[in-house]
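Listed after this line are the structures, all set down as structure tokens.
The same chain A turns up in both complexes below, where it pairs with chain B and then with chain C.
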Partner chain A sequence: MIISVSGLSKTYRVPIKGEGLAGSFRSLWNRQYRDVEAVKEISFAIQGGERVGFLGPNGAGKTTTLKMLSGLLFPTAGTVSVGGFRPQDRAVAFLGGITLVMGQKQQLLWDLPPQESFALNRAMYGVPQAEYRRTLDQLVAMLRIEPILQKPVRNLSLGERMKCELVAALLHRPRVLFLDEPTIGLDVEMQGQVRRFIQEYNRDTGATVILTSHYMQDIAALTPRLLVIDKGSLRYDGGLAALAERVAPERRIVVKGGPAELSQLGFVVVGGDHVATVTPEQTNQRLAAVLGRWPMVEIAVESPPLEEVMARYFKEGTT
Partner chain B sequence: MTSGASTRGEWAILWRAIPTLWRVAVAGIVAYRAEMVIWILSATLPLVMLALWDAASAAGPLSGFGQAEFARYFAITMVVRQLTGSWVVWELNQAVRSGSLSPQLLRPVHPLVYNFFETLAAIPWRLVVLVPLLGALVAWRPEILIVADGWFVPEGWRMALFLPSVALAFAVAWLVQALFGMLAFWFEEAVGVFSVHFAIWSFFSGYIVPMALLPPAVAGAARWLPFYASLGVPVDVLLGTAGPVEVWAQLGWVVALAVVGRVMWARGIRRYGAVGA
Partner chain C sequence: MSGETVHGAAWGRLPGVLGALARVAVMNAVQYRVSFLVDFFVGSCNVVAILLPLMVVFDRTGSVAGWTWHQSLLVTGFFLFMNAVMGGLVEPNLGAVVEGIREGQMDYILLKPVDAQLVASVQRIAPARAWDAVAAVGVIGWGLSGTGWPGFGAVAVAGALVVTGVVAMYSLWLLVICLSFWFVRVDNLRYLLGAVADAGRWPVDIYSGAARVFLTVVVPVALASSWPAMALLGRLDGALVIQAVVVSFGGFALARWAWKQALQSYTSASS
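Right, the complex of A and B next:
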């Protein structure tokens, strides 16, 4: 087991500030606080080499959890162990074995070419030159960023910058990758490239990958295991397919166009197509009924989209 | 976990990293050429002070300071100020507020250690500004180099003590700024508080008025404060009005400030998440 988390909680003390100038002055003399429980008694364990996705609405506590795992935040209660270390001690051997990539924060030096940031990280992590060259060549080839290594970071596109962030974050060959929304703001093509890269990296090195994302595609493509965090609590721990099956088990039978008589079989018209919502058990029977009468129609069976599954799941939690 | 970092100690990594830290820091300085202009401007305040004191002492010396003494004093002050300048308070405040401290915290080299090397890397570039300024000053006021019985040449031991004293002044100034920067873990106004400190510092460090011109009671106390340790001591070591005792006091301040810094850092970092991590 590479990561074990038990009863992990984080409570922020946030000052309450009144509105306007008067409020500001009042809070100068008499500052009041309220406690915000960002993470509440979360427990889980992750094996080496696993790919795990943290999923949850904004403010659910995903990033807070990730920051406690990587040692940036001190837990209010509970214990965390990553590779046998207490992350918040930030021991050099711990830092040398992990990395944190934040889609919204960067570590690259803004006015210098990415190469300089890479060289700096090589030195700071004490990576021997030969090993550095080997890793760098490999990462540069995988991400196809050879042509941009000499350009100042400020002149790179968001996608190019993200790829360079990944290189900078992986030069010391970490065993555990914490990725906080690594594809945020990227176009679809670039998202795909980053996803493929993370997958290959995990396959080639056996590194553990823990990822948060707003994009369901990231989760669907990358992480067989899902931890759903909602209002600071862990609500689900398991596979995506199993969750979808539980929350939204129904299938949709879609007949392209189709004759009006389909309404007799329980179909309704949606955007010019006929659609019936059925349970998995009813699917085959209904398909047979349609194809028996109209063998030439174009027909498809769909599961509800993942976004819808999750939206329904989070709504479930509030009622 | 196995990796390059785990097999060596923190200090071993740092030692081997120094050439690269230095090289990248220099590349960064070159990229920020525009800041050179600001340094040139900030380097001229001792010249402004010189012009003021020059006028004030036109009628006769003040507490032993004639026009030549003032010129010499502010010339050396300008040199020391340039060699001891840093910007860690702004940098740290910004890093804490914006959360850009986070990636720095996850690297095996302490963010402040990196900043320290960055600051050192700027020194050669400061000299580029300093040397022509100094040349112009000496051309304008050649009496800087001349005393009653010939050339102005400090005793050998004073010249030998000058460099370590400048190094200690650099350390004191950097540490004080780092402490003010750490206030950003608690308050939004870390830089504002530093500005207030700067006003007091200007007065008691020897930056705008030589220690010898302060009222004796004030000077007696100011001599042992960190303000003077961060600028005035090396100046006065060279001019003959301070000696080994004041340099030892500088060393004392370095140790004391470093201890306070360690404690503050350890506490601040626990609060870090509450701001913007």
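Right, the complex of A and C next:
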């Protein structure tokens, strides 16, 4: 087991400010605070080489958990062990074995070409020159960024920057990757490239990947195991398919166009198609009924979209 | 994670890390040509601005608190040197720490397997402040031309005092910066510190009582300006050398402790 977390909690003390100018002045002289429990007694374990997704609405505690796992934040309570280390001790061997990529922050030197950031990281991690060259060439080839290595970072597109961030973060060949929304803001094509890269890296190196993302496609494509964090608590630990089956087990039978008589079988018209929502057990029976009467129709069986599954799951938690 | 991915001991990697950081700092500083040239122009004006009040005072009197014109030039010279180090190396870096805490860039410093205080202290430079260092050598030479040339021992003591003074001022800066881990914005304190440190341009003897203690212990700017000048003039009591060492090493230990404590309170800007 490479990561083990037990009863992990983090409470922030945040100032409360009244509304408007008067509130600002009151807060200046008599500042009130409240405790915000960002993470509440979370426990889980992750095996080496696993790909795990942290999923949850904004402010659920995903990033806070990731920052405690990478040693940036001190936990308020509970214990964390990553590769046998207590992250908050920030031991050299621990920091040399992990990486944290944050989609909304950057470590690249803004005014200089990315290769200068790479060279700086090489020195910081003490990667021998030959190994550095080998790893860099490999990463550059995988991400196809050769043409942009000489351009100042400020002149790169968001997608190009994210690819360079990944290179900078992986030059020391970390064995645990914490990825906090690595595809945020990227176009669909670039998201796909980054996803493929993460998959290949995990496959080639056996590194453990822990990912947070708002894009369900990231989770569906990358992480067989899901940890759902909601309001600071761990609500679900398991596979995505099993969760979807539990929260939204129904199927949608969609008949393209189709005759009006389909309404007799419980279909309703949605955007020109006929759609029926059925339980998994009813699916075959209903399909047989349709195809028995209209064998030539174009028909599809769909599960609810993952976004809808998760929205329903989080709503479930609030009621 | 047995540490295979970090090659070499932390201290063994230090020269390479320092070299890489210095390289990046210089490349960053020369990236914008106009800004670089303007900085040099402003830097040269700063030297004149520091010398001018001294000239005005000594135009009307032969000595101030027992210090002649040439002796006072020594104080100004050491003050310029301290300004060069503080403005060229310390302030740009520690100022960046405050920004880094507010905007989240500090995360990346803390994630590296290198002492975070070291990286936070040496990643930027302001080359234009080299003017102050060049001017410092010139002004000290000018002063010595009137006071006579000191022996090797006096020069060594003066050099050691400059080091203790710079360490003490760096430590004070770091202590102020540590406050930003809790309070995030400490700009006013930084300006106040800069303004108080400016008092170091005058011989410390013109200040009396509490003010003198303040400038040698609390904001120990005199350690890097007046005391090295006194060493060159053969006026420095040995006890003051010990005091300088105690203040600088004590200050450094306190700042280091505060830094470690501050890291525990780091909240990291939200992403």
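As a convention for this text, the second predicted complex is superposed on the first by the 317 of 319 C-alpha atoms of A that agree within 3 Å, B and C clash if a C-alpha of one lies under 4 Å from a C-alpha of the other, contacts with A are read in each partner's own complex, and residues count from 1 in each chain.
FYI, a contact is a pair of C-beta atoms (placed from the backbone, for glycine too) under 8 Å apart; a residue touches a chain by one contact, two chains touch by 3 or more.
The model shown is predicted, which means the values in this text are computed figures rather than measured ones.
With the C-alpha superposition on chain A as described, chain C and chain B clash in the combined arrangement.
Once the two complexes are overlaid on the shared chain, A:E245 sits clear of chain B and of chain C alike. Within the superposed three-chain model, A:S70 lies in touch with chain B and with chain C [touch as defined at top]. When the two structures are aligned on the shared chain, A:E298 is found in touch with neither chain B nor chain C. Of the two partner chains placed by the overlay, only chain C lies in contact with A:E181; chain B stays clear of it.
In the superposed model, A:G103 lies in contact with chain C only, and not with chain B.
In the superposition on chain A, A:E200 contacts neither chain B nor chain C. When the two structures are aligned on the shared chain, A:D35 is found in touch with neither chain B nor chain C. Contacts of chain A with chain B, set against its contacts with chain C after fitting on chain A, overlap at residues 12, 67, 70-74, 83-85, 90, 92-100, 102, 105, 107, 109, 111-112, 116, 119-128, 172-176.
By the touch rule above, chain A contacts chain B in their complex via residues 10, 12-14, 64, 67, 70-74, 83-85, 90, 92-100, 102, 105-107, 109, 111-112, 116-117, 119-128, 131, 152, 172-176.
Listing the residues of chain A that touch chain C in their complex gives 2, 12, 63, 67, 70-74, 82-85, 88, 90, 92-100, 102-105, 107, 109, 111-112, 116, 119-128, 172-176, 180-181.
Residue ranges of chain C in contact with chain A, taken from their complex: 1-8, 10, 12-13, 16-17, 19-21, 23-24, 27-28, 31-32, 104-105, 107-108, 110-114, 116, 119, 264-268, 270-271. Across the complex, chain A is touched by residues 1-6, 8-10, 12-13, 16-17, 19-21, 23-24, 27-28, 31-32, 99-100, 102-109, 114, 270, 272-274, 277 of chain B.
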